[in-house]
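Beneath this line is the structure, given in structure tokens, with notes to follow.
The letters A, B and C name the chains in turn, as written, and every chain counts its residues from 1.
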Amino acid sequence: MNPNRDHYPKGEALHRSLSRRYRSASIWQTLFFSALVIAILSLAALLYNVVDGAFGYVAFEYKNDPSEFTSKALDDLNKQELLDILTTNLSSGAFKKLDNEKAMEKRSKSDLYTLVLERLIQIDTKQTWSMTDSIFRSSEIKAEVAKKYPDAKLEFRSWLTPVFLTTPMSSKAEFAGVRTAILGSLWMVGIAILFALPIGTGAAIYLQEYASKNFLNRVIQTNINNLAGVPSIVYGMLGLAIFVRALEPFTSGSMFGVTDSNGRTILSAGLTMGTLVLPLIIINAQEAIKAVPDSLRQAAFGVGATRWQTVWHHVLPNALPGILTGSILAVSRAIGETAPLIVVGASTFISLDPEGPFSKFTALPIQIYQWTTRAQSEFHSIAASAIIVLLILLLSLNATAVLLRNRVQRKY
Amino acid sequence: MKQENTIMENKIFRPLDLKKKMRPAESIIQSLLFISGVLSIFITVAIVYELGKEALLFFNNPDVTFAKFFGTTQWQPGIGLFGIWPLVTSTLVTSFIAMFVSLPLGLAAALFLSEYASPKARSALKPILEILAGIPTVVYGYFALLFMTPLLQKIFGDGVEVYNMLSAGIVMGIMILPLISSMSEDALSAVPRALREGAYAMGATKFETSIQVVLPAALSGIGAALIIGISRAVGETMIVAVAAGSGPNFTFNPFKAAETMTGHIARISGGDLSYNSIDYNSLFAIALMLFLVTLVLNLISQGIINRFRQRYE
Amino acid sequence: MENIQTPEYAIETKNLFIFYGSFPAVSEVNMRIEKQKVTAIIGPSGCGKSTLLRAFNRMNDFVPSSYVTGEILLQGQNLYGKDIDPVEVRRKIGMVFQKPNPFPKSIYENISWGAKINGFKGNMDELVEQSLRGAALWEEVKDKLKKSAYELSGGQQQRLCIARTIAIQPEIILMDEPASALDPISTLRIEELMQELKQNYTIIIVTHNMQQAARVSDYTAMMMLEKDGSRSGTVIEFSETKKIFTNPKDKRTEDYVTGRFG
């Protein structure tokens, strides 16, 4: 009937060619899937790597023997005895300085204990091991320590402790904490959101509800999309030039009578970060406003509402959860950003809590960066602990965003 | 409440008046909203102006010539060496490695998710990519320095330096993978169902349909993803600042340490940098280059996406 | 194996139900479709015409919750049998869709692609020419075979889709309202084409347009939602087209074809 039919495989040949096609398809499908497996493995390796660094054996020696200060075992000392040791052995200047920061009598026992260790006995960390090594090579490590550091103590330590969260910065990894960094991050993000949320929402309302399709508005829209793709370090340079340098009288607080400060303050960092997340907030808010059904607007116009009344009473309340979700995502972006903070001059060593927008500051990712790039492995351990803190913070923020998003989705 | 009442009364009892009325509050609000919208343009202008101004100071310096800038291979502005190439080549090497990792993996992941995965598998797998996308880059830096580099040293031996471009590039690729995959997935799922059905009706298997019909149809969208990915890699700072090395080094050897443009800005500006120094100005020149390169890449990518969208609508 | 006994019918359904989830979209269809004839499926919208048509080449497989009970027999084999490969089914039963859907490739590749994946061994240029001639498109496109298929008009695109279907030499061609997106002149050309194609192929066409059914088909199946209000469609009458349009047995068919319904 038609000669071409003879050119196609038939019967057995057809079956063979088909199974060949299926075989190559399943090989490729496996390859595609393995890309996801690689992604999963990478994530697992990353998390494992962090956790692995935050726990493990530490070999350390006391620089000064505890017996020089007390005849008892250190752990058995009570608060008064610890205080006495500090009073007699610290130089009076150092004691006064500590007393000024917080009255010695009011400090807790564990606080005093830490001071004795940090200031008097002084810990000298010889070596640290990862969690995996500590678990699987425990006896080898013990033997190694006995040989290499006969005087050293070996202890399995969690570098991530409640104390780690509440202690300020220290130049000794064993006594360092992330308190100042967390507070710095919170201040910075707070300022960023205060700056970016109203402006971003306003811009989104303008673009979705007011803007006609003219040239200027198209430029604004394209520009916002492009700003979202500008490398964060460029925002850092912008912040350095404008907030730190050009607006120094404002950002350093000297305009308001604050002295002893330059433009490298929390305020500069917050404004820089606000500029960085502004496009994100606008784009997310636009999506949220777009999702409000048009029938709602028409209903409001139908009863004689003005445009702003429609927006304020109907559009915004319905778009609010979406806008908040977007802001939370922007916050989590801001909390993890590091590069712009380096450029606008985050300080790396700050042991005092930030007091306000004109304080010098450090932030969680800055600490992670600093500690990671130190050569000593105990700093890698506290970097890992700080990463865990940061990831938990981000995870809880994102979980909130997901919950909010799900509530919105249920509505329409 | 009170005010609204009077408005109501006016409307009801006065003769019908449909003329335009002044609504001062409305106009003020509208102008505020407009200003918020226009502010984004000011940000762009400020970036161009500030970077341009300082970069101009750099290029106006009598010691800096274009011949030196593009013709020599050592960068150390403090002592009069202005060859930009070492920073550019290391940026290119790390970005290339990153794309070499993220493009095939991201594309394969997108193909699996959009063409093969059941809705259940999809909803289980996608969050993993989203988590990868949400991890701060400084954490990736830690991962590159303390996991990837030791791993590479185990595989390739002592030739791998403690700081090296390969490790930073690979980890950057992992970081960009979710972006490539989600953009590619969007492009794949934008291909109309009619095309797939047409292929199935010809006796094509699912694999033949997805590779030979859907993938080519989505190619421009995937191209857009690739370009955005490159732009992200070029602008990425923390991974390279931690793991690629500190100190410009003119080399294409991925096992060696070399500082990228972004890494250089981070290191120099992190120290005590005095304004009005040649170092300070040079950073802005580099930042301007970064901004322009990423801007062009982003614009191209957006243009592709817009054209692609129109084609199927 | 093939020609031991030639079955009388091209395709046959036995007690066919098509479900979406637990809801039967089409119920109890028993049809025998004659070889090398044009069979039209008509009926009001939403009565399951397309669903039924798509069951013939297992396109409904892509609707996640859909399944079929009963049998569709092609040369004695149940298309929904356990060991049946849907890819082979679609290779034997081609389909032309409501909207032209050429691949974003050249005109030539649109035709050669299906042949290539199905292991065609002959002369490809010849096959492309034959198929395009078969779809009455050759004269219009012979000078621009390398051009994108998207440059063709809607009517030409639809004939290209017919050409690529006949290139893989199916037994049956399904057409799902193939002219509904086309202008009257293009529609006429497709209708003429069907008359030529039926010399070699069995054609089943779903159409909204009763005049079209009357013009092109030899047999007509009338589908309607079942009376009990279950929103499930079924074939209420199936016979020669002439009979359906001049002397229908079912009152509802008469109402529909005379325009007193829907």
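Heads up, the rule we're going with is that a residue touches a chain if its C-beta (ideal position, glycine included) is under 8 Å from a C-beta of that chain, and two chains touch if they have at least 3 such contacts.
Fair warning: this is a prediction, and the values are worked out from it, not measured in the lab.
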{"item": "Chain whose Cα centroid lies nearest the overall Cα centroid", "value": "B"}
{"item": "Leader among chain pairs (count of C-beta contacts)", "value": "A-B"}
{"item": "Centre-of-Cα separation between chain B and chain A, whole angstrom", "value": "19"}
{"item": "Chain B-chain C separation of Cα centroids, rounded to whole Å", "value": "48"}
{"item": "Rounded Å distance between chain A and chain C, as computed from the means of their C-alpha atoms", "value": "59"}
{"item": "Sites on chain A at which at least two other chains make contact", "value": "21"}
{"item": "Per-residue multi-chain contacts in chain B, two or more chains", "value": "205, 208"}
{"item": "Sites on chain C at which at least two other chains make contact", "value": "87-88, 117-118, 168"}
{"item": "Chain A partner contacts - residues on chain C that touch it in the complex", "value": "1, 85, 87-88, 115, 117-122, 127, 130, 167-169, 200"}
{"item": "Contact footprint of chain C on chain B as seen in their complex", "value": "119, 192, 194-195, 197-205, 208, 212-213, 216-217"}
{"item": "Parts of chain B lying in touch with chain A, wherever the complex brings them together", "value": "23, 25-26, 29-30, 32-41, 43-44, 46-47, 50-51, 54, 104-109, 111-113, 116, 125, 128-129, 131-132, 134-143, 145-147, 174, 177-178, 181, 205-208, 211, 228, 231-232, 234-238, 241-242, 262, 265-266, 269-270, 275, 283-284, 287, 290-291, 294-295, 298-299, 302"}
{"item": "Interface residues, chain C side, partner chain B - complex", "value": "57, 59, 62, 64, 87-88, 90-92, 94-95, 97, 99, 101-105, 113-114, 117-118, 161, 164-165, 168, 174"}
{"item": "Chain A - residues contacting chain B, complex", "value": "21-22, 24-25, 28-29, 31-36, 38-40, 42-43, 45-46, 49-50, 53, 198-203, 205-207, 210-211, 217, 219-220, 222-227, 229-234, 236-238, 240-242, 245, 275, 278-279, 282, 306-308, 332, 335-339, 342-343, 345, 365, 368-369, 372-373, 380, 383-384, 387, 390-391, 394, 398"}
